[in-house]
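Below are structures written as structure tokens.
Paired with subunit B in one complex and with subunit C in the other, subunit A is shared by the two complexes that follow.
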Partner chain A sequence: MANSVVIIALFLVAVTKFIDYTAKYHSNWLMALSLKTNSKDTREYNSKLRKQRQLIEENHSISAQDNYAKWTKNNRQLDKLKIELSELDSKIKLNSKNLHAIFHKLKLITLTLPFFVFKIWKGKEIVYYLPTNDTFPYLISGVWNNGWLHLVLTPLNYILGRQTSMSTKVGVSFGIWIWALTNVISNIESLIKFLLFTEKIEAPKVTSQK
Partner chain B sequence: MSELSEAEKRRILRERRQQKFSNGGASSRLNKITGQADSHLSTDSPIEMKTARSRPNSKDTTPSIPSSSDASSQMKTASSDSTSNDPQLEILKKLANADESNESTPDLFSLLRSMKSGEGDADKSTESMAPADQAMLAYHDYRVNRLKYMTMLFKWVCFLFPYTYLVTRNAKFNVSCLPESLSFLTMPSNFFMVFTSFEIVAISVYYQRLQSIEAENKINTLHSTSKIVQMVSMVPEGIIPIPNLKGKVVTALQYVDVLSTFVADICFVLVVLGLLMYI
Partner chain C sequence: MDLNVERNLDSLIKSTTHKWIFVGGKGGVGKTTSSSSIAIQMALNQPSKQFLLISTDPAHNLSDAFGEKFGKDARKVTGMDNLSCMEIDPAAALKDMNDMAISSGSNGNGDDLSDLLQGGALADLTGSIPGIDEALSFMEVMKHIKRQEQGEGERFDCVIFDTAPTGHTLRFLQLPTTLAKLLDKFSEITGKLGPMLNSFMGSGNNVDITGKLNELKANVETIREQFTNPDLTTFVCVCISEFLSLYETERLIQELMSYDMDVNSIVVNQLLFAEFDKEHNCKRCQSRWKMQKKYLDQIDELYEDFHVVKMPLCAGEIRGLENLKKFSQFLLKEYDPISDNPVIYELEDKN
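Our next item is the complex of A and B:
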């Protein structure tokens, strides 16, 4: 039973980390998807953009003084196109934003929430047993076995005069183990990031001025 | 003759103008020109102030009375004259000034920062840091991070993992690789004692090394890099009734740093123990 719990937890942690590492790609994929789903607006935007470029080129090629009427007509069209383009741009951006929001909600419902519920549900399940009951002091062993609540309940029981019974074999519960695992993973991530992806900084040269 | 009479005319006009100014006509004239009769700005004309100074015995010299009886404008005039040492009053005045200037509500921290810079430039602000200082700070950050991660790597790879392996091997197979005199070190019941002793030594060595880096670069790590310490240093003295708040915050952060190092190592031990108990 503990094996299946550990395997499921490792799988969920791996998927979460994969999604975190590929966050930049998601943004690009979602933008491309939003352009495809909103193809009518995208086509209209591209055609208007092309027309805008043509008008700008035409205006640059003619003289404002000699062809005043045409120049001002082009300018009026350019002003109109600018407004239309900004409207289409905001529409496309809104669509992309909605898609991002849907993706985040999906991630919350399919990954974050189930993982959270799984941790709460299987939190007390023992993942492995310690070599001996006295490997850690009583209070710390109690936390590993019963969770963080043991830190609060032990002094409370002592004040109320209740006896707290420890199980015959002390182990590490799933909740504590997953906390320790995520802590170690984040430390390893920072370590790898520093060792492999951080440039070495040399000491700045101090020029003494007399 | 006409020249004389013209000069006389000019002299008479000049005298009348000066009389008008001395009777307080400058302020109203200024208001009429700018059309700001209800302005909250100070309407004291410099000419009036000059004449007031030149006639100290005159009963007409009145103190600068604001055009409106608005409390905020009174506060503004009071702030321009007084050098109040009460920091709470200073903040209220600054808020009132900010409201009148029709700017967006200022952020409390920007207010505190401006007050702190107004009081004195004793504290270095990161905004006005010279490029040389920034380069030194970046180098110092790099060295501190390198120390932190190399220490962590050394502790994990060279001590915690091998020691945990020996303890689990001893517990599982009752076999100790160490000589008998040192076999008590790998007994599971002594694990936490050995682990804590090692942590105390490792953290002491780490902090000694950190202090030598700080002395070499002449930079205090927490003072320069911690946002909490920077925020606390912006709070002027007297607002929070705790003496030496910054020192206390720095001490608390140091204890938190030590605790987080200990917790990180304990988490590593838990993960490795789990792995070794399965194998």
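Our next item is the complex of A and C:
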């Protein structure tokens, strides 16, 4: 039972970390997905963009004075295209934004919330017992196991030569264990980031002043 | 069936439905001459109606065009019974407003605000605010509409605007939309804070802010509806046959269309028609006419569903009523460079 809790927790922590490490690629993945899902709008946008470029090139290649009518007609088309492109751009961005929102909601529902509920639900379950039995002094272990009477009986047992083993099984709850795990992972991340990914700042050199 | 659009403003000049006619374009193309010509022809062709020509250009020219002085109050043109002119003066209009406000609100307390207004200081301050000319012209329009609805004062069947150069005019035409949005915001605020605002303005002031705003909003909405009705309002673009002017005209037309304003007439001024003038066609005129013709062909191609009226460059200045009458006839009947050529040399000197 404890093993299954640990395995599930490890899995959820691994998935959360993976998503955190790949966060900067999410926008690109979602944009690519958005473009695929809005392929009609994207195709239209690209085609209008091509048309806009063609018209701009054409206008640059002709003399406005000598071909005023054509130049003006091109400008009219360009003004119209500008508005259409802006509308399509807003539409595509809105779809992308909606996709981002869906992704975040999905993450919340399938990962964050379940993990949170899982931690609350299994928080007090013992997942690990400390390996040694003499973690705590004899007297304290005795009091925990037998109550305050142990304090009175200990000298008597000693006189009578009775040796009682007062081992206390110290268990670590899931809540504490997961907290410790995430802290250790976080500290290791900071260490690696500091050692490997932080640029060295050279000490400033003090020049002598005459 | 002849689908060609007429090359004159006959339909506009004889129109019985139009109430607002704007004449505008780039600076120096002949807006004042064109607007005066349109007003004169409309007055001559519809003698039973009253017409008003208003200049909204801060650099007024109407007085110079007609050769007589016009002011902020409409005055009939000498020699015409049904055409009046007006030049809106922002400083004077603001001072009038101040005087009216003082006389209606004065209670002899000598408070700071009244002192400020009495000195005309507010007029000096606000008279130089950019856009004030457009705002005052707009207020004049609202005044006329109100008078027409209430049947007060002098009533005009059609108002022709000699507008300021393009930028100012576009700002003026945007005012109904801008004001409507502003008033909506104000209504929201006064709806919540109205009684408090009234108390701030003093116990002697019985102005109902919400009521005034609603009235103003209704007036602005009326004007917006009228300006976007093609039967009531139209815009006549004036230009010359040169690149910069045409480019500005194109920009103006596109902007007007975005405001849902009717624009279907273009007056092209200062044309030389040098090839038809056997006596006066120097090398320079020929060269300029060639350039003008190049653009004229482009205009015909670009604006094939517009009334494109081609007006000649006259030998003299078109000033005074008689000269304007001679010149304005070509708005009604297309200028023929061969038969009508002598007319452009017949303009009388106007001192």
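Just so it is clear, the second predicted complex is superposed on the first by the 166 of 210 C-alpha atoms of A that agree within 3 Å, B and C clash if a C-alpha of one lies under 4 Å from a C-alpha of the other, contacts with A are read in each partner's own complex, and residues count from 1 in each chain.
One rule holds for everything that comes next: contacts are C-beta pairs under 8 Å (C-beta built on N, C-alpha and C of every residue); 3 or more make two chains touch, one makes a residue touch a chain.
Just so we're clear, the structure is a prediction, and the values are computed from it rather than from any experiment.
Student: For A:172 in the superposed arrangement: first (subunit B), second (subunit C), both or neither?
Tutor: So A:172 only meets subunit B here.
Student: Taking the superposition as given, does A:140 touch the first partner, subunit B, the second, subunit C, both, or neither?
Tutor: first
Student: Where does A:65 make contact in the superposed view: on subunit B (first), on subunit C (second), on both, or on neither?
Tutor: A:65: touches subunit C, not subunit B.
Student: Going by the contact rule stated at the top, is it subunit B or subunit C that touches a larger number of residues on subunit A?
Tutor: For subunit A, the partner with the higher number of touched residues is B.
Student: Contacts for A:180 in the overlay, against subunit B (first) and subunit C (second): which applies, first, second, both or neither?
Tutor: Only subunit B is touched by A:180; subunit C is not.
Student: Just to be sure I read the superposition right, which of the two partners does A:118 touch: subunit B = first, subunit C = second, or both, or neither?
Tutor: neither
Student: For A:202, select first, second, both or neither according to whether it touches subunit B, subunit C, the two together, or no partner.
Tutor: The first partner, subunit B, only.
Student: If you stack the two complexes on chain A, which partner ends up touching A:76: first (subunit B), second (subunit C), both, or neither?
Tutor: second
Student: Pick one for A:129: touches subunit B only (first), subunit C only (second), both, or neither.
Tutor: The answer is first: A:129 touches subunit B but not subunit C.
Student: Jot down the residues of subunit A that show up as touching in both complexes, subunit B in one and subunit C in the other.
Tutor: After superposing on chain A, no subunit A residue contacts both subunit B and subunit C.
Student: What part of subunit C is in contact with subunit A in the complex they form?
Tutor: Touching subunit A from subunit C are residues 243, 246-247, 250, 254, 294-295, 297-298, 301-302.
Student: Would you tell me which residues of subunit A are touching subunit C in their complex?
Tutor: These residues of subunit A touch subunit C: 64-66, 68-69, 72-73, 75-76, 79.
Student: Any idea which subunit B residues touch subunit A in the complex?
Tutor: Against subunit A, subunit B makes touches at 132, 135-136, 138-139, 142, 145-146, 149, 152-153, 167-168, 170-172, 188-189, 191-192, 263-264, 266-268, 270-271, 273-274, 277-278.
Student: Spell out the residues on subunit A that touch subunit B in their complex, using ranges where they run on.
Tutor: 127-132, 134-137, 140, 144, 172, 176-177, 179-181, 183-184, 187, 190-191, 194-195, 198, 200-204, 206
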